[in-house]
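The next part holds the structures, each set out as structure tokens.
Each of the two complexes below includes chain A, the first together with chain B, the second together with chain C.
Up next is the complex of A and B:
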């Protein structure tokens, strides 16, 4: 089961992802990020503190945005990853391409929002 | 027990024997009387033979006339008619004979007259008894227990009345008449059973009347000719003195008259009964499931025809929309298709419109309605939607030239027809879906077989090391891949790869990976160059959200060096054979297809190590480490390490089996939710061990 909620601010949007992201639920995650991008947000925070498991299909969603975000100059920061989940990002090498920080504070700092 | 056929044959034989004996005794008695001679023939013998003859004929017809069914009423009557005709012809020829030889001595000969009388008697009895049996069949068509009992009583009574022959009572004697009256009374009661008449159609009714009238004429003629013989000649065996014969005469006559009258009165209503019967038959046709290989259209054709005939519609159409195929079909009866749009419009604008949907199923998109029409050649319309699985698949419209002509009964029958057609179509579709699914399963089986053949049957081994593999897909097909390729005498390339996701799409990418591995490995590329090229190739063919993780090894048995890269794949587990220390090769790397441009090469790192005998390395996919037990705990790296240490002294095959068993024990089941693959490489080289310069990193 995946739980996704979105909180919008003037400057940024924060997407909270909880539960498990597998092949079927990754479609929801994809749609949510796609919405944020098409809404024109330049700053996206992804709160993964409730995320227990991510499958390769879920990683594929994050991966597929790397180049698009670069082109559109959108800043996306992922924070709150559990060790186990972060390890999965790490093995695949995504930690080298995505901005991953420990907590919300550092994420906001990185995005230059209060 | 005797078979039906032999009973019939025996009864014919006995009939002929008894008739001949009857004839002989009759003639001898006559001869005695005439010549005052005494041959000593007892008086009761002719009576006895008559009774035996009657019984034989009775048995014959009992077994040769089949049960009455609604389809053979006319056949039964026809049979009676033919028997009667035959008897009449013989009887008339005898009359003709007497007429021709009117004056001669021959016609005065009492023996000859008796002979002819007995011929007549035999035939008339055959006619009477066969008709009696046919009447029995007709009366007992749709029998009840009470009716059956009455009939049995009647039959036993008749049987007993045969014995009356010996009493010597003659016609008009009181006991004789009492018995006859009693029998006729029961016959009257039985004669009201005429249910078979209802099953005749209009034409059959007319035929029956004709046959029955002829039967009445025969009866009259036969009776008169018997009376004629009785009055004119001396007869030893006079049928008119036989209670049985007279009672049967009367019964057959009464039932014939009743039947004629009832059929006559039923003639005007037979069309109603026929149409009801037709409704039932149409309903049956609709409810028969469509045989495979045929089309739904047939159901629609039957529905349309049945509906038209059930409500006597002057015209009709049936529209069928096939949403999947995106086409519309139109069936029409007695109608120009160009008129349909006009009629539809007239129906929508009609001021006298009645919606028939019940409150519960009120669905504005599929209305059942009747309406009165204006400005079109038809005055009234009945529209019925055809709904299968809550989806309207078509519309039936029936038209009549008279206004307000669809009554409740008609609407009910159309409702039943449409519902039944819907069920038939739904069943047909379900059956087709089931067949389709069966076909998909077969296709998947083939895919699974093809994919298994993509994995190598044998792996390139060497005197320096041994290698074994295990792979299992969660679905029919999977996205895990491993392979080896011998570059030259010393070098072997080894790969393990895992496509993101699972199932069919993963399987396709897996086969692409195989192609890439085989084309690049033979070029003897550096591990880093291999990954860069593979990434470039995959970037052009992978789906947007798909990637492949891989580890690529080149084992060089000359220099005893293994060079490898890791493209986002699970870190290889390595066991030092001497120190029993284990480590995961967590060198940097990035999955293939994640960065689809030249910057990928910045993320590739090549490592190398010298191997020594008894070293083991384990390649695996994340299906193994991420396999969970009931408590959602993952098998993980530590359990993998422990398991390897436990089995490390064994052969690669045994190590593999040991680890897989540990994995299954942990999960508590023998199938996992993801594809999982494992390769064990164990070095066996006996040459001098080079320095323990284990892992050298090289950017």
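Up next is the complex of A and C:
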């Protein structure tokens, strides 16, 4: 089961992802990020503090946006990963390709928003 | 000890399969972090079979067995009657190719390769078998 909610500010959108992102549920994460990009947000925060599990399907969603975000100059920051979930990003070295920080404060700092 | 589980080929079942494997690993004393990785590897193989070999047809099924051996290795077998996977044809994609083409295929098996100590695909008694071995001494 995946739980996704979004909170929009003038400057940025925060997508909160909870539960489990697998081959069955990753499509919802994909659709939510796609919406944020289509809505024209240049700053996207992904709050993963409630995320208990991610499989390759979920990692694939994040990877599939790397190029588009670069081209459109959109800044996306992931924060709040539990150790066991962060480790899954590390297995393939995705922690080097995505912006991942510890907490919301650091994410906001990186995006330069209040 | 040998444990078995049968699941219909629907991606909704992946959560139950993960729960089955996680419960067993935790009962056998593995930590949350250790169990998490191994559960992920089994989930990836099952997801591949359910989606690619069986086209998410819930009338079909896969069988998962977990065997805890005395030497502290654990063997996971995932069996089905679908299309056999040809390991010889599998070429691991590079991360940059995946990012460039947005094709997500292959990431799952990359994870399995890095998590498990041994991966074998073979046919036995009319089944396709994917056999994953994890050595918990390491």
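FYI, the second predicted complex is superposed on the first by the 114 of 114 C-alpha atoms of A that agree within 3 Å, B and C clash if a C-alpha of one lies under 4 Å from a C-alpha of the other, contacts with A are read in each partner's own complex, and residues count from 1 in each chain.
FYI, a residue touches a chain if its C-beta (ideal position, glycine included) is under 8 Å from a C-beta of that chain, and two chains touch if they have at least 3 such contacts.
None of these values were measured; they are calculated from a predicted model.
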Chain B versus chain C as contact partner of A:63, first or second or both or neither: both
First (chain B), second (chain C), both or neither touched by A:105: neither
Contacts of A:97 with chain B and chain C, given as first, second, both or neither: both
Partner chain(s) touched by A:30 [first = chain B, second = chain C, both, neither]: first
Contacts of A:72 with chain B and chain C, given as first, second, both or neither: neither
Residues of chain A touched, compared between chain B and chain C (which is higher): C
Contact residues of chain A, present in both the chain B and the chain C interface: 23, 55-57, 59-61, 63-64, 66-67, 84, 91-94, 97
Contact set on chain A toward chain C in their complex: 1, 20, 22-24, 53, 55-57, 59-61, 63-64, 66-67, 83-85, 87-88, 91-94, 97
Interfacial residue positions of chain B with respect to chain A in the complex: 498, 500-502, 544-547, 549, 567-571, 586, 588-591, 594-597, 603, 622, 634, 674
Of chain C, residues touching chain A in the complex: 11-12, 14-15, 18, 32-33, 36-37, 40, 43-44, 47, 50-51, 95, 98-100, 102, 104, 107-108, 110-111, 114-115
Residues on chain A engaged by chain B in the complex (per definition of touch): 23, 26, 30, 55-57, 59-61, 63-64, 66-67, 84, 91-94, 96-97
